[in-house]
Each structure stands twice: as structure tokens, then as C-alpha cells.
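Shared between the two complexes below is chain A, which has chain B as its partner in the first and chain C in the second.
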Partner chain A sequence: MPESGIVSEPASPLARPRRRSLAERGFDGVTLLVLPAALFVLLLFVYPFLYGLALSFAPKTGDWLANYTRFFADPYMYRTIWLTLRLALPVTVLNIALSVPIAMQVRHMRHQRLLTTILVLPITLGTVLVAEGLLNYLGPHGWFNRTLVSIGLIDRPIRLVQNYWGVFLSLIVTGFPFAFLLTLSMISGIDPALEQAAATLGGRAHQRFRRIVLPLIIPGLAVIFCLAFVDAFSVFPSAVMIGAPAAETRVISLAASQAAFEQYDYSYASAIAMIMAAVQFGFVAAVLGIRGLLYRGPAGGGKG
Partner chain B sequence: MNVVGVLEKLWKIAVWAFVIFFVVNVIAMIATVVINSFGTRWLNTWLPAGYTLRWYISAWHEFQLSDVLLVTF
Partner chain C sequence: MAIASPDFRELRLDRVSRNFGALNVLKEISLTVRRGEFIALLGPSGCGKSTALNCIAGLLSLSDGEIWLDDRRVDTLKPEERGFGMVFQKYALFPHMNVRRNVGFGLQMHGVAKAARERRVDEALSVVRLGAQSAKLPGQLSGGQQQRVAIARAIAVEPPLVLMDEPLSNLDAKLRLEMRAEIRRIHRLLGSATIYVTHDQDEALSLADRIVVLRDGEVRQIGTPQELYQRPLHADVAEFMGFRNALAGKIVGRSGDDVEVDCGVTGRVSGKALEASAGTDVLVAIRPSDLVPMSDGPILGKVTAMEYRGEAYYGTIASDGGQELFFRADQPIALGEAVKLGAPADRVLVYAGKRDRV
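Our next item is the complex of A and B:
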């Protein structure tokens, strides 16, 4: 994340002293431009969040913590945290592990835009279309299984939908392009002179990657990890459509939606959403905390 | 060519093979949705039994899509 402070203009010597002292601290007319955005965030994010938080402490019956004790007393409910983590963590790690080597190759490619356009497609089309497409494509009579059977790799169609792997693959299809495009922009931001210098000293590609590129991109990768993880953790349409929503892919967002729209218990649903947010926040805080221990210097990847 | 050079080449090939595999699968997946939307019946064959615009027409009528699109825009 860029540390985007407002760049204040040097205070003019004719300005009144009070105004100058504000300007010295970085406040001036330009600062007012932050107001619409702040108002927007306040109205559309902070207010609903606080409303949900307050609602979660006002259960239908019982004391103010009743929703939370109910959630953690019921294995069918609290197991959704584990079921979601079991999907989101491996997917996020795999997406980033795939993105880095591919971005390292693609940055030298001439027709980069063609590849990035194709990769943006799944993000643009949305998770519902991807889930619907994979349901056909990976299904027992879909093209994927048919191809594998006809070239003789397998003799029976393998089961890839209506289970864990269907959701896993759909999260790769939508999550990999996301992680890849962020990684690519970060890796392209590294000064090529650094690697060229290493190459003149005889560094091979893998040495240049390990000694130069990797230390520079790790802080940025941490941020990408957070974004990709939050994205994967809030999986909903694909878990319902190509997962097994009653069993192995009963993710936490599905539990919240059931509480809200099947049991009409908005208070309980808010509590589940708050627990979901707490888990996400816990992981993000842990990753960013570790990131704080790493190298941060002038040669960093810019977007890191 | 030494061993490291060969390994670097192999690694490059593996990375590109994965990219091609991914892109082919994504395009095929999108194609199934498009073909399916025009198909009549598609069970246990490579391609649907026939093609029709029926789904688009009925979706247009059923959800009053002209109004929906107007609102979306």
C-alpha cells in the first residue's frame, strides 16, 4: 500500500500565521478534497459495519453475548470457520506460488496485453458464470473429463464438481488472475538495472530471483496475500453452486446467509458476519505484522 | 550447455505449459457456457444436440429484461 500522504504546498510567507501552522502540519485547502471520500467510506462502510456489530449484540433471546455463545456451542456452526479456512488458505498460497514464477517470465513478454486481457476475463465475468461454466466443463460428461478419457489418461470420469475440488478450482480460476495481475505489476516495477548488475557478475536466473527479486517483492506479496485471502475466505456463489453446501463446503458466508434469509434472524447473521470479519482481520493482521519485520528500503518494488 | 542451463530451459517450458493449460481451460469453460446457452439438449455428448435461441427469448420474456436492463444502466 502506498503511504499516500497529502503533499502540501510550501506555505506562502504572506499567509496568516494560523494558516501557515496548519499548512506546516500538512493541512491546507487540498486536504478538503479528502472529505467526499471520507464521507463515502463513513456512510457505506463504517456505518453498516457498526450497525451490524451493534445488531449482533442484540439477540432475539438471551443476554448480549447469546449469539456468539450459540455459534461456538454448535459444532455445525463453528466448523464452518475450519471448512472455509481449509479452502481459502491453500487456494491463496497456491495462487501466489503460481503467480510469482509466471510473472517472472511474462514480464519479458512482448504481447503481454493479450495474456492479461484473457486473464482478466474470469474476474470480469464474475464468480457465478465461472461456477456455472465449471459445473458443465468439469462435470462427469464435461469436456475436461471427456478429453482425459479419450486420450486414455483415466478410464472413468473423475469427480470434480459438487465437492471440495470444484470450489477449490473455481477459486483458482477467479483468484489466480487477480493475484497474478497484482504480482506482475509489482515485479515489473523493480528496476531492471539491479538484475542486470547481478547478471554481469555472473548470477544465474534462480540466483538473481532468490537474492534480488524475492527480498524486494516479499512485502508486496504479503499485501497480495491479504487481498487474495480475504477474497477467497468470503467465497459464496461457487461454494453453493459447485460445492457441497450441506457438507464439505459449507462455508461461513453460507451459514450467515442461511441465518439471515432462511431463519430471518438478522442478529445471529450479523454475529456470524462479525466472526467472519474477525477471522479475516486476524489473518491480515498476522501477515502484516510479519511483513513489518522484513526489509523496507528505497529499492523496494514500489507497490510493496 | 551445462546442467543449470538445461534446468532453466525446462523450468521456462514448464511455466509456459502451465500458462497455456490455464488459458485453454478458461477459454473452454467460457465456451461451454456460451454453447450451452444456445444449445437445446446437451447430455453425454461433445456438443449439444441442436441449437436454438429459445433460452434467450424465454429469459427475455420471463424476467422482463428490457426493464431490468434499463434499471441496470
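Our next item is the complex of A and C:
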């Protein structure tokens, strides 16, 4: 909490020691401003989460763990974890792998604003609109296939929607700008003098990247990975609209949704949601754990 | 000492120019730096001195002109192919590498085997007297220590040329003096050539064999510290070398190199005024330390400020000509009091020209 520099005179001399010790610990009038946000988090996140957790241990039938044993006994259910990971992991890795080299090129560009504006668009459009657009564009009668057929590259339209690749591409379209903008701001934060110094010392472009830039951005990339991964892991609209929701893109959020709104088994749906949270948490914890082993200091070149 | 610069004779800048858009930041700079020389590029901020250094290092490309290292043209090479050592203003140490790895980076890039690398890192660290800190990260070092690491890193690859971009400007006054002596010592030890960018005339005078004064992207004067200090070629160079007082006037009489100016001062003609005769517009330049109260002093004025600087008092007058002038006095003079100031003729420089930007 920021400490306010102005502390009003206490009303009585007796009140002084107590006032001061609170202020020293960072509590003062400004601290109260955190209350609305704390209340918001408590009501809209912590309470529903705990409620869902409790609900998941109160199944319709069977003992308190019945929902979980049911989930892991049914391949149709537990395979959703794998199906979701199969989408979320490659998409996240690819988004970051694309972001880094492009950000390296773009950071010195003059019309950066224009590019970032264009890239923000898919984020603002939302997943539903993007999925619909891709459905038309990549569908059997869409421009993409028609162009390829007309120039003779393929004989008949290739299948890019209602399957894994449709969802994959839509996640790239919506996820890339997010990963890119974060990566760009991070790479722009590296003092250009560091690379110049490396160059005068004989480091070629690839060596400068591998030995100077990469070590400095990897901790940040780990955080971006976590954010992008969680985002992709909770994929829902595009998996339904542009994927094959009954088969290869039956993602875990879809399973939870079906349990809740088709079978009206909120308890089971809560259990699935908890499993989903556990998987996400596991990956985030692993990535951040590895990050903890790396250099995480400032990316500047000294005291400047 | 095992660190020795490889053989080379000279670095030659031939009409080097650099434009940023329509702005000519460097205008046809020509300069030859010989092996073992310490060259200071001196000038006010915006004069193009850092641009010149970056052009030599290869961090900026030239708009025109050539740079030669003996028989090899280097301005077309990338910075990593030139093999010059560079010390940056903000050190630019790699924050994620410890001191050893920072210093060894250049050797590693040049493919020096590990054993030889370790030995040369040790040597470079001992040159800058930092052996004990070798396992620390840059963030754990003081500013002066970071600067030493930056120097060690630049010299570890044994470059023919070391480039320094205002390396002391981030240090406090005491450390600056200390590091100045260090830089001089290291330069002598290596025998390589050093090009040192600074806006501080004291630094340039004390370090350099030759000083190159730049202004608005042009070389104004190249000379030894003594030449520049005693005989600046132009009024603006003189001002930069500490001749803070500039009086405008016309020549009224001349005997030999001494001319009398209508503001009452007698001085020695310099630069382009060498051929000047009576009636010529001139600028008279005097250092504050040479302008002192004297009973028959030609410059009259009232004291407006006085400050004690240990060896003497320094004051300001508003002259009767309506100008602010700086002078030296052995005794304090009360504010508002009228004084007569004068300077010995051999300490007064007279330049042809009218007052434009002084």
C-alpha cells in the first residue's frame, strides 16, 4: 500500500503511538480504498469457488468422493483433460514462439502504434465473432479453399473447420495478439545498449539474442505463458462453434457445461470445474517454479 | 602485462558525415588517431561527439565518408566485425551475468578456448583491480565498480581501439577524479588508442594527448591540451575552454601581435584575427581568473555577486557597457561597489568577428 505523506494530527496525545505504528506498517486512510476490490473478489470469486468446492464433495449419489471417482473412471470424461491440453499447450507455445521474433523486429519500427492497434482488434472482437469469421473463411466453400482449388494447389477443399484445426486456428487468432503485446512491451523494456555492447564485443545477432535478450525475457515469458495457457485451457465457444464438440474438441469446459446444463448435475459440474482448476494450477505452478530458478532482476544496464 | 593491443598504426576518419533525416549531425569529420594516442572528443551536448563515436563503433552507419584501420576499410563492417572495445555511459553490463562472465563475454564470442579465456579474464580484472568481486552480479556493485567491469570487459578482447562514451558522467565528483587517473593508467598500460567522448573540459585536458573540439557537427579545432587551453582558434572554442568573458569591439591600434580594442583592453590577436588591422570588428575573450581589479583597469562596473572559492574570491560585475562579466579578486568586494578590472595583455585573446551567439 502506498503510504500517504500527510498524516492528520491525532486528536489526543494518547492516540499518537498507536496511529504511528499503524501508519508505519502501511495502514492509513488510503488503505480503506482496497476494501471495495477486496469485497468484490470475496463475493464474486472466493465465495463461489469455495461453494463449488463444497458442492463437488456432495454428489447426488454415493460417498463424498463419488464425483471424482466417476470422472476418472469414465474415459469419455477424463479424456477431456488430454483433449484440452492437446489444444492449449501447442497453441500457447506457438503463440509465444511467434511473438518473440516478431516483437524483436517490431520494437524498432516507427509505425508501432498502427500495428498494435490492428493486433488489438481480434481481442476486442471476441471469440464468437472470430470463430464465425473463420467458419466462413476456412469452410469448404470459403475463400481460402476456393483460392487454393482455383490455383490448382489442391483438388478438393481441405477440412479446416469442425475439427481440431479450426479450434487451433481460432485460438491462435485470439491468443496471439495477447501474447504478442505482452512480449513486445517486455522486449522493449530491455536497454538497447546491452545488445550494442554485445555487438561491439563480437556477438553476432543470433548470439546476442540467445545470450542477452533471451535470458532477460524468459522469466517474463513464463508469466505470459501462464496467462496465455489458462486462457486457452478454458476454451469454450470456439470449441463448440468451429470444432468437433462431440469428438476431438470435446474440451473439459464443455464437459462441465454439459453436466450442469444438460444433466442438471451441478455437483458433478463443480467437480469437473475443480479438476480443470487443478490442472491449470498444476501447470502454472510448475512453470513459475522453474522461473524461480532463473535471473529475475532488472533488465537494465546498471544504475543509469 | 600480458594484455597488449595488436599491432596497428592508425585509425583514419575521412570526411565522415552522418545525417538524421534533413539534420546533418556530423559534417565531414576527418581525423587520424595513431597507436597509443589518447584522443578526447570534446564539445557541448548536441555537438555530435557521441554520434561520431557510435559511427566509429559501427552502431550507426555513415551517410558519407570512410573509416580506415590501416589498410582495411572498416565503416562497411558490422560492429561485431570491427573488434573495437567500447565503454558505455551507463556501463551496459549484462545484468544476468556475473562479473567474470561479463568480462569473458567478448572472448567467448571470439571463440577463445576456456583456459585461455579464464587467464585473460583474470588479467583484465587485475588491470582494473577488481579480482575479488568476480562472482558478483553487476547489480551488487557500486557505480565505480560497475565502471571498472565495463572497462575490463572492453579491454579483455585486446582491441586496437577503445571507445569511451562519457564513462565518468554517472559517478560522483571524488570517484570521477579517481577513475580519471585509473583510465589514464590503463591506457598507458595497454598501449592501444583511446577515443574518449566528454563534455567536461577538465577531463579532456587532463586525459588527452590531443583534443578534438566539436561544435554543431564540425571539427572546430584539433590540438594538444596546451594549445587548446592557451590558444583556442575560435571565439566559441575559447568560450568552451573557460574564456567566459567575451567583449565586442573594434581594433583601434596595433603593435606586433598586440592590438588595442576600443573597449579599452589590449590583447593578443588569435585565429583569424592575425591579419586584422584598425577598424576590424573583434571579440575579446578573457578568463575570469585573469580579469582582476586594478587601479587603471579599463573595464568599469558594479559588483553584483561575490563567492568564495578557497584559493580566491570570484565575482560578477554589471559592466558600464551593460554586460555581465566574471572576475577574480584576492579580497572580497562589497556588492554594489564600483570596480575597475583589467587583464594582462598576454592573457587576453582577440578574435575577428562580431558577437553572434556568445
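Definition applied: the second predicted complex is superposed on the first by the 283 of 304 C-alpha atoms of A that agree within 3 Å, B and C clash if a C-alpha of one lies under 4 Å from a C-alpha of the other, contacts with A are read in each partner's own complex, and residues count from 1 in each chain.
Going forward, a contact is a pair of C-beta atoms (placed from the backbone, for glycine too) under 8 Å apart; a residue touches a chain by one contact, two chains touch by 3 or more.
Since this is a predicted model, take the numbers as computed values, not measurements.
Legend: residue contacts after superposition of the two complexes on their common chain; A:Pro215 is shown touching chain C, with no touch to chain B. Judged by the touch definition given at the top, the superposed model places A:Gly175 against neither chain B nor chain C. When the two structures are aligned on the shared chain, A:Leu194 is found in touch with chain C, with no touch to chain B.
In the superposition on chain A, contact of A:Gly133 is made with chain B only, not with chain C. Residue contacts after overlaying the shared chain place A:Gly202 against chain C, while chain B stays out of touching range. The contact surfaces that chain B and chain C form on chain A in the two complexes overlap at residues 204. Residues 4, 8, 11-12, 15-16, 18-19, 22-23, 25-30, 32-33, 36, 42-46 of chain B touch chain A in their complex.
Against chain A, in their complex, chain C makes its touches with residues 57-59, 78-80, 82-86, 88, 90-96, 105-106, 109-110, 137-139, 143, 146, 150, 153-154, 157, 163, 170.
Touching chain C in their complex are the following residues of chain A: 191, 193-194, 196-204, 207, 211-212, 215-216, 295, 297-304. Residues 98, 101-102, 105-106, 115, 118-119, 121-122, 125, 129-130, 132-134, 136-137, 141-144, 146, 173, 176, 204-206 of chain A are the ones that touch chain B when the two sit in their complex.
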